[in-house]
Amino acid sequence: MEVTSQLKWNPILADPTGKRQLKPRTLGKTMVMDKGLGMLAFQDLLQTSSNHVDMIKLGFGTSPLYPQSVLQSKINLAKENNILIYPGGTFLEVAVTQNAVDSFFDMILALGFNGIEVSDGTIQMDRRQRNKLIARGIDEGLEVVTEYGKKGWGSSIELAELIDTVLIDTELGASLVTIEARESGIGVGIFDGEGKCKDEELHSVMTSISGNKLLWEAPLKTQQVHLINSLGPDIHLGNISPDEVIALEALRRGLRSDTLLSLGKK
Amino acid sequence: MEVTSQLKWNPILADPTGKRQLKPRTLGKTMVMDKGLGMLAFQDLLQTSSNHVDMIKLGFGTSPLYPQSVLQSKINLAKENNILIYPGGTFLEVAVTQNAVDSFFDMILALGFNGIEVSDGTIQMDRRQRNKLIARGIDEGLEVVTEYGKKGWGSSIELAELIDTVLIDTELGASLVTIEARESGIGVGIFDGEGKCKDEELHSVMTSISGNKLLWEAPLKTQQVHLINSLGPDIHLGNISPDEVIALEALRRGLRSDTLLSLGKK
Amino acid sequence: MEVTSQLKWNPILADPTGKRQLKPRTLGKTMVMDKGLGMLAFQDLLQTSSNHVDMIKLGFGTSPLYPQSVLQSKINLAKENNILIYPGGTFLEVAVTQNAVDSFFDMILALGFNGIEVSDGTIQMDRRQRNKLIARGIDEGLEVVTEYGKKGWGSSIELAELIDTVLIDTELGASLVTIEARESGIGVGIFDGEGKCKDEELHSVMTSISGNKLLWEAPLKTQQVHLINSLGPDIHLGNISPDEVIALEALRRGLRSDTLLSLGKK
């Protein structure tokens, strides 16, 4: 054992691009969507992939469905691994709908979440209410990630609206604006009814907005490949399945067929 | 830790419907299809989701493919968590085909399974033989779940036949009649070749048969959403992937976009 | 416990075909594609399915993305279970592209992998270079599996080329030639753009080449069913998801609807 523990991969084999940032990184963040992992699976994820995971979202309203000790352990373990962990924005939308925003923040803070997501994917929310929620999160010492886009089938991106949203949200202190694609990646935002990317919309976004403010939800491998090959390996990608974290890291580094020739140093 | 262990979610955040039954429940049962989980994954499932799982089916003929100690541990752990655990009906069909029904029951009982499934999804079985198998299961002290429907591509529901089946099976002591949709949910029973629900068939079933006798196999999320939004969150749903148990519970409680507006208390 | 540990399944229930070889087997090998399992999940796989797994491929260039202790533990555990474990061929293609073949072999041997895959699915490689890599693997005491086929969309099988490849590769010492289908099984090799098998190509291959030299990548269940029902349960199958190992074993033994009537002894 001692022998091999001193051996190291030739760096060109571990990262043919020669450019992958280590954590904490400012480029190429990966956000994992956890929609119900058990505690052992969660430990497995972090033992294996802690270096490749920057953010974990506990999808939609799953947070209150765990035994509290499990939820608490997830939060603690994520933070020990320098990972931002936060409940899905839909859960805050539930709190808004049920007039329980105070309860929501009390519990989020007591549990030790270090972030929240502010979204209006399902409910109507005016700009003033959105501002208030972002400001409250910041005031409480949380990292605030916002989300742009509706979850309904066939939703799309209104460029002027997105530009405004990014400007205002980040000015209020949000660290990133997530571009909605749901867990499915089908028929929502920049993805059409077959999950293919609407490239004209994509490019009009990229020419107007600084890429490193945007977190692209891209649950399907074809979407990850397309976005990496279009925008480079340093884009932020989200709603990654826990099973796909290492495979995505391989894509980012040119260690998989889809990016080997385009990204590897020649 | 002590602090947060005393904190509780505001009930309106944990269940915006205000109506979800706790276990043991008579409405809204969830049946998980286990097609080969390892022992740690099985422990993970029950530690995380024991409150959300009512039944576990060890899919088709997987039972004899485990090391016996693993199988035994799964059965014990399920029963400790008040969960009905039983082998898939196809396995009993194998036993019928191979003239090994006595061996089947001997082993099921020795291992401590607390249920069986009686089906004829693949083989031909006349009403007399079905009656005998149901009666034998009941005599042995097992809970008997039956299944209606053929596994072949394009199979559909014959309403009169289903009504008869439910009547006779439950009179003989079966607790539930499962509506076949396989692991795939495509091209079988009430689901068409794209996995979409045939609503006319669905409604003719619901107007003729008491819903809480039926266990709908609905492996795909779109199917779960459609059935919950059509028939309510209290229907019994089955062939749920272990990975999707918490996500389904979120759907039942209005904690996910697809049911937030339709189910949450206003 | 003692009681049930002495009980055994009636053999006709555990294997209705009566023909399944035990490990180490020459027919019907199963190769699992591991694209990033955690260590607990890997232990789970082997505890539950060691008897059903002959080979494990650490997909494409994932090997250097693990913490080294995790990678080392995977390799050791696989070998203790008499399983061939090797990095995906794409990783060797990366090494070729980066002029780092020596580093590649040094590290593979130091870590204790017992096999390699030689492929040209992404890069161009002439016959001489392929020969050299196969010979080097054999010289180093590794089992060499080769791969035939391009990963690009719509790739297909050139029969004469495949026949030559199998002849030369095996004469040089390769144990098996893998037929490329990627992780997706869509639009590659013998599978069309919907993942359906091109039966004419399949049959022309089978009439020209000895089946037990070929390892068919068949990630989708429909593909596994089709190949087993066309070519028999004793074909070698690869790129099986860890979650599907037991389900595939059930298919091979006639313990699932799709093969119950075609394979079970009558």
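Lettered A, B and C in written order, each chain numbered from 1.
As a convention for this text, a residue touches a chain if its C-beta (ideal position, glycine included) is under 8 Å from a C-beta of that chain, and two chains touch if they have at least 3 such contacts.
The shown structure was predicted, so the numbers you read here are calculated from the model rather than taken from an experiment.
These two copies of the sequence, subunit B and subunit C, are related by a rotation of 120 degrees on CA atoms, to the nearest 5.
Where subunit A touches subunit B, under half of the residue numbers in use are shared by the two copies, so each contributes mostly different positions. Once the centre of each chain is set as its mean CA position, subunit A and subunit B turn out to be 33 Å apart.
Shown for subunit A are the residues that touch two or more other chains, namely 40-41.
The residues of subunit C lying in touch with subunit B in their complex are 1, 3-5, 7, 9-10, 12-14, 16, 40-41, 43-45, 47-49, 51-52, 221, 243-247, 249-250, 253-257, 260-261, 264-266. Taken together, the subunit C residues at the contact with subunit A in this complex read 35-41, 59-62, 64-70, 72, 90-91, 93-95, 97-98, 100, 103-104, 106-107, 110-112, 121-123, 151, 182-184.
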